[in-house]
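Okay, here's the structure, questions in a sec.
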Amino acid sequence: MALDRLFRRRRTRGGGRDVPELWLKCPSCEAQIYKKDLEADLMVCPECGHHFRLGVEERVRQLADEGSFEPTTGAVRPTDPLRFTDTEPYTERLARYQQETGRPDAIYGGTCTVGGVPTLLLAMDYAFAGGSMGSVVGEEIARGAELAAEEGRALVIVAASGGARMQEAALSLMQMAKTTMALDRLWEKRLPYVSILTDPTTGGVTASFAALADVILAEPGALIGFAGPRVIKQTIRQDLPEGFQRSEFLLRHGMLDRVVERRELRATLAHVLRLLHPEGGASDAARV
Amino acid sequence: MPLEFEQPILELEARIRELRDYAEAGGVDLSDEIGLLEQKLERLQRETFANLTRWQRVQLARAPGRPTTLDVVERVFDDFIELHGDRAFADDPAIVAGLARFRGRSVVVVGHQKGKTTKENIHRNFGMPHPEGYRKAMRMMDMADRFGFPLISLIDTPGAYPGVSAEERGQAWVIAQSIQRMGRLRVPALAIILGEGGSGGALAIGVGNRVLIMENAWYSVISPESCAAILWRDAAQAEQAAEALRLTAHDLKELGVVDRVVPEPGGGAHRNPEGAMDALAEALAKELAELEPLSPEELLADRYRRFREMGAVEIV
Amino acid sequence: MPLEFEQPILELEARIRELRDYAEAGGVDLSDEIGLLEQKLERLQRETFANLTRWQRVQLARAPGRPTTLDVVERVFDDFIELHGDRAFADDPAIVAGLARFRGRSVVVVGHQKGKTTKENIHRNFGMPHPEGYRKAMRMMDMADRFGFPLISLIDTPGAYPGVSAEERGQAWVIAQSIQRMGRLRVPALAIILGEGGSGGALAIGVGNRVLIMENAWYSVISPESCAAILWRDAAQAEQAAEALRLTAHDLKELGVVDRVVPEPGGGAHRNPEGAMDALAEALAKELAELEPLSPEELLADRYRRFREMGAVEIV
Amino acid sequence: MALDRLFRRRRTRGGGRDVPELWLKCPSCEAQIYKKDLEADLMVCPECGHHFRLGVEERVRQLADEGSFEPTTGAVRPTDPLRFTDTEPYTERLARYQQETGRPDAIYGGTCTVGGVPTLLLAMDYAFAGGSMGSVVGEEIARGAELAAEEGRALVIVAASGGARMQEAALSLMQMAKTTMALDRLWEKRLPYVSILTDPTTGGVTASFAALADVILAEPGALIGFAGPRVIKQTIRQDLPEGFQRSEFLLRHGMLDRVVERRELRATLAHVLRLLHPEGGASDAARV
């Protein structure tokens, strides 16, 4: 998870001290925050509202109804179809990420209910190779869409990704088509698909399944786009506009349905799913 | 400007030409010598092209003189008429689209368009579309479905344009929508990678029932230069990145990403564009003939199956 | 600011209030006098509203305090959640859209939105949408079809925005597309003219199987002011133009342009928005109940028939 | 026809002289053009290419294959449903236009072939009340679309209109929906619809059937838009950009397929129809 890595990095830089780090510095407002407070606030800075990146298990805990989650991912494992080596063989990179995260690849999820609605919930793991989409992520998403369609579930995908996985080259690219087309299985059954974009969601993930949901939610301040800001800066040789490619910018430009703070995310998601899913029940008002 | 590995071939060609001129002017018979040199030339060209590195193929794919979409619609199709506009914001010259006939039947054609001169390249944005280009492409897909015409897409782009305006107007969204729209076509869809197949900007019009590729074209999730800049932290390692990415026609055929490699004439398509385009026409005709008997439902299922199977995973 | 013809009513109301305050404070029994005045008030109000000119109705339709789309989604619907954006260029605050429940069933709602303050009106562009607004509306129509939910549209606009940017981005095109998209809905579509129904910008979301109108709303091909400016060459002739245009709810019912007039409480919807909205909710429920048994094909045919019959011609 | 009216106006201004006016002044380049030359050039200024407005009968002559045209319009006549009077009763206005044009309302057309393709060709008459769309225009277009669908014809509409007809108020407005929906009859039969926008095409005509064609052509320099330039100028209180709302501007902004000079219009139309219509035959190349 992103946070674990942050800790490790800081500890190393600090010279391998043994003292557990109880305080964290907010990258946005630079406030020192007590770790337990941050966790209690769902990893949102109590000073400035900055949304820290979230681990996938924590994400699932925050969204699924308590006790309802059953993992379905994990059986699909990456291979090295191109025998790819850059500064390090792809297989070694994979092994390292697998060891760090305890997962075969950059996605985690399963069946659950959200606000009582039967759901297939998938979360991309930014801590695993930057949440990049290779064959495994593509396959898990396609399977997720197919399973949701088969079982009459809503599909919810929490996106967090630097884009396609270069080490699988053209095969990664094909996952954009594969995931996109698999969504039509839900269309045929009139089952809803909600996408939640978190920091960061760029490249081939944005340009495929993540942008095609019935309802697109995003966490505040998340970087969302096709090209990365560095590439764009190189292209236009100018500074980027303030707030460019952040959630609020995208909302203004018509790409998102809502920007939702993490503490509201579960309620908003449940609200949408109950309206869209055939088993969403009667009105919330009627329930009370 | 010729490519580096083409130099020996071009020099030999020039020598043969000189010799022939000399023989003609002086009335001397040098046919034996010329014949020998021509054999040598043929061997040199064959050997050079049999041993091209992946990076050299990338250079061929970008070589000036290679057939562009407009060249193909001119030679391979009849009665082409270009149609413009996305009906929402602009007409994007980086994508060319229209109606044409292919061996008697009406078809819808859409393709990336690079320029042949610097001026034209600036106009065409070097074949890098803005969202409007993809919206025009989607309009063409609607047209194909509306009339039941096959859609033929010609891919030749370094990638979708990575600029502020493109992001503002939803580059990612429109690529995703175009992939989805093409996947839903109820008519035969053929995609051909003519030159460069750069990432999502290529795939946006690449969701064919069959995907063809010219022998010296490339298709990848990222350009070798950008890949090198990220993974090696040095764009100069592009040659190495090209090797690692396995982005050539034959690589992609092996990986199952493309269905057919269209052979280019000796020396590459840029040295003999007509020959390359005639080979393309033959390949298109064959593939289209196989798809035309299929019903809309069969075409949808076929396309789903094709892309559903993409990827390399292990199930435990 | 009250409307001119409301003045006598408001003055009488104020007098009754004063009298009541005085009676209460002084412990005097003025109930007879108050009762008489209340009868007079009721008569005055009834007479005033029974004899409203068309121009006065136009003023009522624009009166501050009238229910807007956001008021209606709050009171008439449950669980409303606003959805944003056209997925192409911007989110247009002049059109509000989202999902909600109406008496237990999920529905899609879309409507023009005016502001209640100057600041909000500037934000909402006085309820005059840009092309993005109509594209958002079309996205909502797609959503309604996708899930089989009824579409309910609330009309309250002086017209689509007549500005340079709107023209550049295809205001005419997007209105035409929205009319077409709504005509093609395979789900029940109900349109309600809440306040102002200004021309194509209103009709763009007005292609319902049933079209309802609030008693003091207007709906016309052009606003009285603009009509006067063109035909009388004097915008001050708006009153006369309003008469000529026959743009009130009852006129339109007579012409067959609307199917049902929703009665407003005495004094108009702006004096009792809750009452007006409750009447609207009843009317909606009735119409929806009639449409829901129809199949998608029947709904399409019904909508076609409805609009196909519009117009007054003589066949020779 | 627009031209006739122009002549009348000039004659009146000139003091009712009896001499036939053989020369015309181009409103764009101000050149004096010999009338016969202008007619020989399809009413396009030989000096600057300005496209004069064209009468509907001349329009049909220029587009339909010779001898193929049979009128179908004319049986539908306007009424005065609102008993509308502004500075003049609507009925009197109608009578005047009817007398001037010899047509019941602002539309003329019929069956023909274009490049051999069976077609239903309609042209709006700007000389009749500014080509405004009331119940008759709406009805004729709906009938045209239905007849074309029934007989397997392509539909071609030449638009020229100031917008909706105010004197029929809400009933005019409804014609936008009626004409738009009637087009779907062609969709069901896979028959093509081509729209040709000429100077001027604005208001409710642009915002309905005219903008919804499979292929949209426009004559050069035509004013095309939703709101009229005067209204826009009042709204923004600024001068309008150069070339604003002209064909070439709309082409750049993605609204048109092609801007076609009048001398090329018949060939381009035939080209498109042959490609789109099932009876379009084999390739043009193959014909030669």
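For reference, chains read A, B, C and D in written order, and residue numbers begin at 1 within each chain.
In this text, a contact is a pair of C-beta atoms (placed from the backbone, for glycine too) under 8 Å apart; a residue touches a chain by one contact, two chains touch by 3 or more.
Computed from a predicted structure; not experimentally measured.
Enquirer: Using the stated contact rule, I'd like to know whether A-C or A-B comes out ahead in C-beta pair count.
Expert: A-B
Enquirer: Distance between chain A and chain C based on Cα centroids, please, to the nearest Å.
Expert: Roughly 42 Å separates the two chain centres.
Enquirer: As a quick test, compute the distance in whole Å between the mean CA positions of chain B and chain C.
Expert: Distance between chain centres, rounded to whole Å: 54 Å.
Enquirer: Could you give the separation in Å between the centres of chain A and chain B, each centre being the mean of its C-alpha atoms?
Expert: Chain centroid spacing, chain A to chain B, equals 34 Å.
Enquirer: Note the residues in chain A that touch 2 or more other chains, in rising order.
Expert: As it turns out, chain A has residues touching two or more other chains at 211, 253-255.
Enquirer: Hunt down the residues of chain B that sit against at least two other chains at once, touch-wise.
Expert: 87-89, 135, 169-170, 173, 177
Enquirer: Report the topology of the inter-chain touch graph, choosing from line, ring, star, complete and other.
Expert: Drawn as a graph, the chains match no named shape, so other.
Enquirer: When you check every pair of chains, which ones turn out to touch?
Expert: Chains touch in the following pairs: A-B, A-C, B-C, B-D, C-D.
Enquirer: Any idea which chain B residues touch chain C in the complex?
Expert: 87-89, 131, 135, 169-170, 173-174, 177
Enquirer: Which chain C residues qualify as touching chain A in the complex?
Expert: 78-79, 81-92, 99-101, 104, 106, 132, 135-136, 143, 146-148
Enquirer: Using the touch definition from the top, list the residues of chain A that touch chain C in their complex.
Expert: 187, 190, 192, 211, 214-215, 251-258, 268, 271-272, 274-276, 280, 282-286
Enquirer: Provide the residue numbers of chain C that touch chain D in the complex, in ascending order.
Expert: 160-164, 166-173, 175-177, 179-180, 183-184, 199-200, 203, 206-207, 219-222, 226-227, 230-232, 241, 244-247, 251-252, 255, 257, 303-304, 307-308, 310-316
Enquirer: How about chain D: which of its residues touch chain C in the complex?
Expert: 75-79, 81-82, 84-87, 134-136, 138-139, 142, 164-166, 168-178, 180-184, 202-204, 206-212, 224-227, 231-232, 235-236, 238, 240-241, 244-245, 253-255
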